[in-house]
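A, B, C and D are the chain letters, set down in written order, and residue numbers restart from 1 in every chain.
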Amino acid sequence: MRAKLKNFIERSWFQNIILALVIVNSLSLGIQTFSLPADIARVMSVLDTACLAVFVVEIVLKLIAYGWRFFTDGWNIFDFLVVGVALIPNMGVFAALRIIRVLRVLRSLRALRLVSRLEKLRIIVQAILDSLPSIAWTGFLLAIIFYIFAVVGTMMFGKEFPDWFGNLWKSLYTLFQVMTMESWSMGIARPVIAAFGWAWAYFVPFILISAFVVMNVVVGVVVNTIGEVTEKSRAEVQLRKQGAPQLHEELEKLQEQLKTVQLLLDQQAKAAEKKVE
Amino acid sequence: MRAKLKNFIERSWFQNIILALVIVNSLSLGIQTFSLPADIARVMSVLDTACLAVFVVEIVLKLIAYGWRFFTDGWNIFDFLVVGVALIPNMGVFAALRIIRVLRVLRSLRALRLVSRLEKLRIIVQAILDSLPSIAWTGFLLAIIFYIFAVVGTMMFGKEFPDWFGNLWKSLYTLFQVMTMESWSMGIARPVIAAFGWAWAYFVPFILISAFVVMNVVVGVVVNTIGEVTEKSRAEVQLRKQGAPQLHEELEKLQEQLKTVQLLLDQQAKAAEKKVE
Amino acid sequence: MRAKLKNFIERSWFQNIILALVIVNSLSLGIQTFSLPADIARVMSVLDTACLAVFVVEIVLKLIAYGWRFFTDGWNIFDFLVVGVALIPNMGVFAALRIIRVLRVLRSLRALRLVSRLEKLRIIVQAILDSLPSIAWTGFLLAIIFYIFAVVGTMMFGKEFPDWFGNLWKSLYTLFQVMTMESWSMGIARPVIAAFGWAWAYFVPFILISAFVVMNVVVGVVVNTIGEVTEKSRAEVQLRKQGAPQLHEELEKLQEQLKTVQLLLDQQAKAAEKKVE
Amino acid sequence: MRAKLKNFIERSWFQNIILALVIVNSLSLGIQTFSLPADIARVMSVLDTACLAVFVVEIVLKLIAYGWRFFTDGWNIFDFLVVGVALIPNMGVFAALRIIRVLRVLRSLRALRLVSRLEKLRIIVQAILDSLPSIAWTGFLLAIIFYIFAVVGTMMFGKEFPDWFGNLWKSLYTLFQVMTMESWSMGIARPVIAAFGWAWAYFVPFILISAFVVMNVVVGVVVNTIGEVTEKSRAEVQLRKQGAPQLHEELEKLQEQLKTVQLLLDQQAKAAEKKVE
């Protein structure tokens, strides 16, 4: 029973239908952002619900087929959450609440199922996620730098510039803006320097330090990726060598010839012994 | 007949005349953007038409010489389209239409013929085009991210900020601007956050994600290019090795010496056998 | 006595308590930026002083345990300065002075002790500091370029644009802003060009030159890091080779076989000599 | 006579005095940008003229010592031009002309002599200049793209936005600004799109294309630099190999042993022949 279901789910035509529905649903989400005539809007809404229904059925089937092993694959959990979140606003429970707009928005996450459906995209996302741990500690260092500058900024400029440095969160956001170098000088630093003459010693070092740390992240990713790629190509070279090893062949021939030499010498030695006898 | 024409077209002085005309025509296009005295403007216009006539003749000659094989080379198709498009506004058919300004502009594309004429530029463009497929999937991932954020942005901020998030296209354009980090905070995000307090959770992750994906594209191109270059240099090393292979020589000498050894041993063995007999 | 103290300081539970206090103190610094009810503020202040007291005791213990060798480790000096600076505003001596706000701010540097406490962060910071010397000369070149452009800018635009080019420091700051490409054109260059038509020949080359030099710094860091990493991996390959050397094994086998051959031949030769005798 | 002069010029204490004067002169140029009291200004002016006099004498001495070979070294030509240009405004000929301010500014170029004086800086500048040819063709491609977009921009937006696209030069400058992504959207593209709805199809492709070409330049420089560095390190490995070649030693030992084998076999063969005789 379970094996049959598994077989059915893993068939390529079933997979393709789901993929097609994901694409259709993604497009319908985009179309719904335009102000549509009432009847088309209704069609879209029905299409939406239909797609969702199929996705729910698909996940239930998978849950039955794989049991709890379903949750051992990260992409399955991802699908489960995306569809589950999309389910909430349709349940009508939250209809009275103002939260509904936010929840409806989460439906758009369903378009992310394209990523979990297409092998190539999964590989890229996997590669990006795999590169995160190597960045984690540099990210933590950046977080500490942000934190210290935010504390200092809030204490120094908080009263005079409440919009930018009013509290720790505002300072952190402003520093993020400064790090992306967006309007950091004309928008933020020049007014602050006009009030606090020494403030350039706050902004310029922050930009230099954060740019340097970000550069280190980029360099780290470049070097890591090159390392992985050369590791792979080295392994391939190794394989090719084992497949058609010119040098090894030569050496093997040599060894065989030497064995022949030894055999002949042994024969000679025995013959000589016989003679002596 | 065809062979003669081919010969004529491929002569270097013919090629150089065409190249000179492309340069002259490109310059005349630039000069025409200034407001010129009537007689100079007329000269420029005549020059323009003359160049175009030569280009048309050149392509017709090529079409006769190469027949349908003309279209097997991408650069030929490129030349054909660029000259063809430039031909349209001179045909007078569209003169009455307002479209004429746009069509006249397309004449400037003729300056692109410089690229198809100069070997070095063709190689660079080819290299850039060759690197596109390796980027395609990451680009598609970026497109999905853009799409989801645009749908969410339109649904959430559309009513309050119609200029930036009024519909899907406007949201996509705004997100492109945010990705390039141009006025993303002072221009877009701060006003939006003033209306929707949680909107930082829309902009900051979008910037981080898109920056990360773009970084991945750059890293991919760097690693690919390094891979290709080292592949080439490895192939060259291989060639040099096959040209003057110290180790291989040594091994060959060894093998020859061993053959001599074997020969002598065989002779000895035979001599010994004879003696035994 | 000293050895005992050393032992005590280097115990992991002591280290972990200090680390925990550093984290607690860092968080309390952040919390104090918000306007707190009086009693919580007092608790925070006490917590702050308590942490500082522990840090002072820790450093005094270390000073006793290690003596003057304490100052041979850069991270110790760093800790000493950070705690020392934090001590100043609590001494009450400067209470009457306006400088107190600046000094209180320096307390936030205590959060930097997280870096000196966590091995991983120390390695990253060390790596960044190690890469600085290789950048030093390029940085000096950039400084000369900045200086010349600042002198020229001050002399040419100083009178007309006192806010941006009023003196050497203002020009240097403006050029830093231009280098980060923040509002360089709409904010600075376009107004200047409106007054001095040739000013584009000041800004555009400056951007190109500074971008090129910065690119060189980045390329230098990338290449250096790759160099170090490949150096390491090459050393590892060398080690692995020495551990399990396929080729060397083959050659050793060959050599052993040849020794056997030689031995047999020697025996034969001796036997032959005997016969001749 | 000439040899003595050469000897004198190349002495390190003479070189160091010139270097010191270059630094002093550079600093005095910076100090002169501030509004100084009359007497200090006069001292600075005298210092300036004195330094210039020494530089002129130095170059005249070099010209005498090296003759026309002086101009075979690029750095000498550089020094000659920088000092020569600085000489012009002091000649009083142009005093009546308004050009004097511009010419006085060129004096600041004398600070560039620091680059030609310090070996390390010369190497970096040389490296940057050496990397330019590899970029030249990509730069030419970028120039063509700029040219075409500038022609199109001038023709399409010239009338409506004369400040940004009024003529070819203005368009080129605006496109340079757009390429650096400074205020490209909020400042330039959004107003243009408000007038010409399709203008996004002008700006977005331009940004993508120019970003891609610039990325290619960066990638090219990275790959070239890595190539050069690995070439160097490969040459070093080659040298080390020739110094202590484990494998080669083994093979040589083998060959020697085989020669011994052959010698012994030859002896055996001769002994056998004697016997047969």
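The working rule: a contact is a pair of C-beta atoms (placed from the backbone, for glycine too) under 8 Å apart; a residue touches a chain by one contact, two chains touch by 3 or more.
Source: prediction; values computed, not measured.
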Residue-number overlap at the chain B/chain D interface, same or different (half cut):
different
Could you work out how far chain C has to rotate to sit on chain D, using CA atoms and steps of 5 degrees?
90
Chain centres from averaged Cα atoms put chain A and chain C apart, in whole Å, by 28
Return the residues of chain B touching two or more other chains; collapse runs of consecutive numbers into ranges.
181-183, 187, 222, 226, 247, 251, 254, 258, 261, 265, 268
So which chains actually touch one another? I want all the pairs, not just one.
A-B, A-C, B-D, C-D
What does chain A use to touch chain C in their complex?
137-138, 140-141, 144, 147-148, 150-152, 154-156, 158, 167-168, 171, 181-187, 200, 204, 207, 212-213, 215-216, 219-220, 222-223, 226-227, 247-248, 251, 254-255, 258-259, 261-262, 265-266, 268-269, 272, 276
Listed in rising order, chain B residues that touch chain D in their complex are 26, 29-30, 33-34, 101-102, 104-105, 108-109, 111-112, 114-115, 120-121, 124-125, 127-128, 173, 176-177, 180-183, 187, 218, 221-222, 225-226, 229, 233, 246-247, 250-251, 253-254, 257-258, 260-261, 264-265, 267-268, 271
